[in-house]
Structure formats: C-alpha cells, structure tokens
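The two complexes that follow have subunit A in common; it is paired with subunit B in the first and with subunit C in the second.
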Partner chain A sequence: MIKSDSVLDAKGLACPMPIVKTKKAINGLESGDVLEIQATDKGSTADLKAWAKSTGHQYLGTVEEGTVLKHYLRKSSEEETREKKHPNVMKNEELQQKIDANQDIVVLDVREAAEYAFSHIPNAKSVPLGDLDEYLNEFDKEAEIYVVCRTGNRSDLAAQQLTAAGFKQVINIVPGMSEWTGPTGKSVY
Partner chain B sequence: MTNNKVAIIASNGGLFDAYKVFNIATAAAATDQEVAIFFTFEGLNLIHKEANQALAMPEGKEHFAEGFAKANVPSIPELLAMAQEMDVKFIGCQMTMDVMGLEKEDFVDGIEVGGAVTFLEFAKTADVTLTF
Partner chain C sequence: MSVKEMTAKEVAKKVINKEELFILDVRNESDFNDWKIEGQNIAILNTPYFDLLDGVEEIMDSIPTNTDVLVVCAKEGSSIFVAEMLSDAGLSASYLKGGMKAWSEYLEPVKIGDLTNGGEIYQFVRLGKGCLSYMIVSDGEAAVIDSTRNPAIYVEFASTIGAKITHVFDTHLHADHISGGRKIAEITNATYWLPPKDAEEVTFEYSPLEGGNVVTIGHTEIDILALYSPGHTIGSTSFVIDGKYLLSGDILFIDSIGRPDLAGLAEDWVGDLRETLYNRYRELSTDLIVLPAHFMIIEELNDDGSVAKQLGTLFAENHGLNIADEAEFRQMVTGNLPPQPNSYQEIRETNMGKITPDDDKQREMEIGPNRCAVR
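And then the complex of A and B:
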C-alpha cells in the first residue's frame, strides 16, 4: 500500500481517457501531491510516462495488482528554483563513499513515501518532510544525519528544521536522488 | 514553456477517421498542447450535428462494433465534447461548406469557420502537423 494524496479511478477506460482524466485530476492537486491512477488500459503505463515527461510532472512508478495498474505521479512544484540555505552540504558521491566504507550513518529520505517506495538508498529511512516533526525523538541529536530528497531542496528545508530542533550535525545531500548512481532498493514490486 | 502546438487536418468522414482525429486531439490537449483541427471535405461529417452521431464503419469492418463496445471506447460525440472542453479549436472549411450547401448552424456549437489560410496561420508555428 503506497500513500497518495488522491486516487483516480480510470479502470475500464480506453485511451485517451486515462490521460484526459489524469490531466483533470492533477489540476485539482497542490504542488508536490502524489496522485494514484488506477487503470486497466495496458497502454496507460507508456502513455503516463510520456505524459509526465512532456508536462513536467514526476512519474514515480507503477504497481501491478492483478489486471489493475496503479500508477503514481507527483505534481511538479516550484522547488527546483529555490535558493538553498542550509550551509552544510555534501555531494552524492561523498555520501556513497561513506556508505561504501560501512560507516554507521543515518540517512533520512525526506521525499514522499511513494517516491521512496519506488527507489531509495538501501539504508535510508523514509521520513517525509511533512511528517518530520513526528520523528525528531527517534534520532540522536549529536549524530551525523544525512538528509536526501530528489533535488536537494526539500532536504534543505528538512536540514534547517532539524538544526533548529537542536541537531548538531545535519548534512544536506546534493543534488540527491535525481542523480543518484549508487545502489538503490525498492519497497514495492 | 516552448511552443506546443498541434495542427490537424481532418479530411475523411468515417467512424475510424473520427477516432483517429479526436483521440490524438484530446490526448494532445491533455498534454498541455494547443490544438486546432481543420475539418474539410468529408471531414466535416465529424462535427456535423446529426452526421457525427452515426458515422459509418468502413465497409466490411462492421464487426468491429463489438470491439468498440467491449473496450469501453467513448462515443464520438463524447470525445468531441471533451475536446471542446479542453479548448481544442475546430475550424470548418468555408469552401467545402459552400460546395455542400451547409451553414455554420448545421455544425456543433463553438466552431470557427475559415479558409485554408486560417488553418495555415495556426499550422505555421505548430511543432506537429497531422493529416487524417
């Protein structure tokens, strides 16, 4: 079960209806929201990928449940252009080296749960930015905490929040999962 | 955003032609493209108030009716309404209408009537131009 902000039932509909309905559904969502599209049209996977690419929304992945395809999309946001403020940053490659060196480190993935489900750093913990407050007591305030998202912006916000909450060594990973080349894990199949 | 325009010429009037035209048009409109369709000669059937309710299958292909029903494909009037709702522009060819003795009132609401240049003006800057 993958968490989404909204579910669109496009089951039984033929092309181009799943796309047309998706377009309408996404218009009613907030930036960053995750939409689950349930479809039975076998062409819908390729169509939604192409649609997301051309409209700038983020295609997360598809889960097959019997004859139903569950597609996940995240509505595009303005985050890409925001200036980063947290001073302590580290590149993807350096984090990979730390992981390879088997260092016992904490990696927080602050993307939406659905983004995390389809691809994440194997030892990363899913802590969506919106739920960060609930997790503050789970981690050691003195430990090094590496925060990652897709492009380094949500993780920048998370790093600022963590620092404000008293965490001493918070490092924002840039650019993040969009250009991650190391091993990844999935929690859906 | 870059120029995103799709220009379509619909010049045939059968049921299959209508699906080709309206499926591409609605899919393009749903993908944030600006779409215009120029209906000319038999293509005018596709937006004619009565004719578009009962477009013919190609001869010998009537058995596909079952497949259309089974695949839950929307009807042509439904697709047409959807296209209009997504601001697809319909241009009826004036010259063909004159030849066939048709008036703007014979067609679905919201169409423009124009000549070849009206379409060419739109198509001039379109990335994709399709003819059906």
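And then the complex of A and C:
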C-alpha cells in the first residue's frame, strides 16, 4: 500500500480523460502532495510520464493491480529551487563509500512515502519531511545522521530542523536520489 | 465548424495517390518517434494532446489553412478532443477514425495481375505496418499467403469475389506480426501450411511445407512451387506462382534484404541468407516479379499502391544483392541491425500457439513498424 494524499478514480475512462482529470486534480493539491491515479487505459502510463515531464511534476511510478493501473505523481513545489542553508553537506558518492564501509549508518529519506516506495537506498529509513517531528526521539542525538531527498532541498530543511532539535552531526546529501547511482531497493513490485 | 471523421481507407487512398495532407499527431513523443503515418506529400506535426489541454493557440500558426488537416492519436478519443478545439478556433479538421490502431490494421487490396488460364493475384498492403500478404484466385478457389492477424478481411474478400479459400500458407514463422493463417484455415476448413523447420515448437496441426511441394489452386492448375530459402528464419520458404511471380517472404525486399537475427541466431543464419540470395535466387528467371512480405519505406510503393519489381531489376539495384565480398556482407547484416520489432518474442510465441493473448493485447503487441529488414 503506497501512501498518497489524494486518489483520483479514472477507471474506465479513455484517453484524453485520465490526463484531463489528473490536471484538474493536481491543481487542487498542495505542492509536494502525492496523487494516486487509478486508470484502466493502458496508454495512460506513457502519457502520464510524458505529461509529468512537460509540466515539471514528478512521476513516481505505476503499480499494476489486476486490470487497474495505479499511477503515482508528486506535485512539484517551489521549495525545490530554494537556496540551501544547512552547512554540513556531503556528495552522493561519499555517502555510497560510507555505506560500503559501514552498513549501520543512519540514513533518513525525507521524501514522501510514495517516492520512497518506488526507489530508495537499502536500509534508509522513510521519514517524510512533514512527519519529522514524530521521529525525533527515535535517533541518537550524538550520532551521525545522513539526510537524503530527491534534490537536496527537503533534506536541507530536515537537516536544519534536526540541528535545531539538538542533533549534533547532521549531514545533508546532495544532490540526492535524483542522481543516485548506487544500489536501490523497492517496497512495491 | 464541424469535426469530420476520416477512415483509414481514406488516408490510404491519399498515401497511394500522393495527395497532400497535414497530420497533427497528438500522441506522446516516444510513440510518435517509434512510428507514424508516412506519405510522400504528407506533412506531420507532433504535439501531444496533453500539451494542448489549455488550448490550441500555440500551434495555430503551424497548421496550414489550404490543406486538409487530420488529427491522429492512438485510439481516437484525444484526436476528437483536439479536432474540436481546432474547430472552435476556426479551423476545419478531421480525426482518424479508430486512431493508429485502425491505421495499423488497415489493408488495401491491390490487384497485381492476371494468371495464365484465368485467375488473379492480389496483394494486401498494410500501409501502417509495412506488411504485405497475398491472395491467389483461380476458378473459385483461393490461397492466402502471409496473412495478417484479422481473418475476416480475407474471408470477406474471398466471398466478395466468389472464391473459397482452400489453402493458407505462411512463408515463415513471423516475428513482427501475428499471423491470421491458422484462424483462416479453421474458419474455411482450408489446409494450413508451415515450413516444418520453423514449426518445431508449434502446438497445433499443420501441413509441412517443404521445398519442391506443388500445390494447385483451382481447376486451372495454378502451381505454387515452394522453394526452400533459409536466412531470415531457418525454415523460410519462397513461392514461385504460375511461373511468373516470386513471393520472397522476408528474404528479399524491394530495397533491402531480410535480417537473420530474430530468432537469436544471426551468426548461424547469415550464411544461409547469403546462399539463398546469391546462389539459389540467381538460378531463377530474372523475369519473375518479386512480391515480398514487407516494405520498409513508402518510396517502395509503385504508383498503383503495389509493392512489386522484377527480380532482374533487384539484382541490379538492391544494395543487399550487390555485396561481392562475403565478409562485408556478414558485417552488413549482423553488425548494423536496426532495433528489433516491438514484442517480437511474444509475437513468435503467439504464432507458435504457445501463448494466446486476448484481442486487445494482440493489437497492442503489433503496434509499431515491422523492422524485418536490413539495408
């Protein structure tokens, strides 16, 4: 089960309606929200991908359940072009080296649960930015904590929040999952 | 202004008659790049429908006002949607009925010629996919060769001209389209022939088509001489019909030759392909009219829409028949292969009877160009 903020039923609708409806639905969502689109038109997968690319929204993936295709889209947000403020950053490649050297390091993935589900660093823990407060007591304030998102912006915000909450060694990973070339895991198939 | 429908048949006429047509293809870019409607006087613009949801203003300047305008999509829904917007903006446009699915399946029957002692040979041109199939008719009997997926087209055509289908052939196990051969044979109680070397894994009964087989259609004895010609597949067979026509299957095309790799054995079969093209075909009369199972580019069509040329002309003009050096030939047919046809493994398994996808799935598997040739 993939977590989404809103579900659109486009089952039984033929092209162009699944995308016409998706466009309307996404207009009503907040930036960063995940929309689940249920469709039965097989052409909808390629079209949604291409539409997301041309509009800047993020296509996360598609899960097939019988004859129903469940597509996941994340509404793009302006936050992602903001200047980064957390001083302690590390590149993707260096994090990969740390992981190779030590399996037990703490990696927090602060993207939405649906983004995490389709592709994430093995052993990374899913802690969506919006829910970060609820997880503060689960981690050691003295430990090194690596924070990753798609492009390094949400993880920058998370790193600032964690530091403000008393965590001593918080490292923001840049650029993040958008350019991650190391191994990944999936929690949907 | 109103939105009119245009059928695949009407589009086919425009392609064959080289009429002018402006196509606005509103499928996504990757589908468009994979495959589109082509014609010598067809201009085409690709703008996905989902980039036009807010209106067509941005593309209005790119659409001519003095040519027929046709909006095309995968099935037809989006093309109606866009054609209506064009119409609201003051531009009269048609949409393609049934979309690219209908275009992919449309067959244009073209009469190739008369046979000795009466009888005719017809070519069915599948413009959307480049597949060519044949019907040979004599004295109320008919044979179908390399049929496409939908048996009804052939069964109805035969009934229109008052013939009964008695024999159905596939020159080889196809990898680019699903054969309707077995179904036609079932419907008409005809004999279904397949080359046994291509049919080792098939799950149904068939009559083994072997070099030297002679099958007679009608009382006027139109002989079909099977000629073993491996290369595209190990069992590939050509036919000489009425001593006049050479049905070359996927071995020899007008402007290209067959590719030997679609069953994963390019290195093994390239030698067979060369043997067939450079020795076996050389023994045939150069007056034979070559009728292949495919065309690759629209320029291969004759003015009447047929795809046919004298063997002697091909010996002179087809690049693939004019590579003296064997190593260079090998390099050309194995080193420079185009992408494989979409879903070709599943298509092969369907043609062997190993899998039976539903109609929609079969249609989807066939979408796209045939890619059976190397140039």
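We take it that the second predicted complex is superposed on the first by the 188 of 189 C-alpha atoms of A that agree within 3 Å, B and C clash if a C-alpha of one lies under 4 Å from a C-alpha of the other, contacts with A are read in each partner's own complex, and residues count from 1 in each chain.
To be clear about the criterion, a contact is a pair of C-beta atoms (placed from the backbone, for glycine too) under 8 Å apart; a residue touches a chain by one contact, two chains touch by 3 or more.
Here the structure is a predicted model, which means the values were calculated and not measured.
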item	value
Overlay on subunit A: subunit C relative to subunit B, clash or fit	clash
Touched partner set for A:Ala46, first subunit B, second subunit C, both or neither	second
Which superposed partner A:Cys15 touches (first subunit B, second subunit C, both, neither)	both
Touched partner set for A:Met90, first subunit B, second subunit C, both or neither	neither
Set intersection of subunit A contacts, subunit C complex versus subunit B complex	14-17, 19-20, 23, 47, 51, 54
Subunit A to subunit C touching residues, read off their complex	14-17, 19-20, 23, 42-43, 46-47, 49-51, 54
Interface residues, subunit A side, partner subunit B - complex	12-17, 19-20, 22-23, 47, 51, 54-55
Residues on subunit B engaged by subunit A in the complex (per definition of touch)	23, 26-27, 30-32, 71-74, 82, 86
Parts of subunit C lying in touch with subunit A, wherever the complex brings them together	28-31, 48-51, 53, 73-75, 77-78, 81, 360, 364
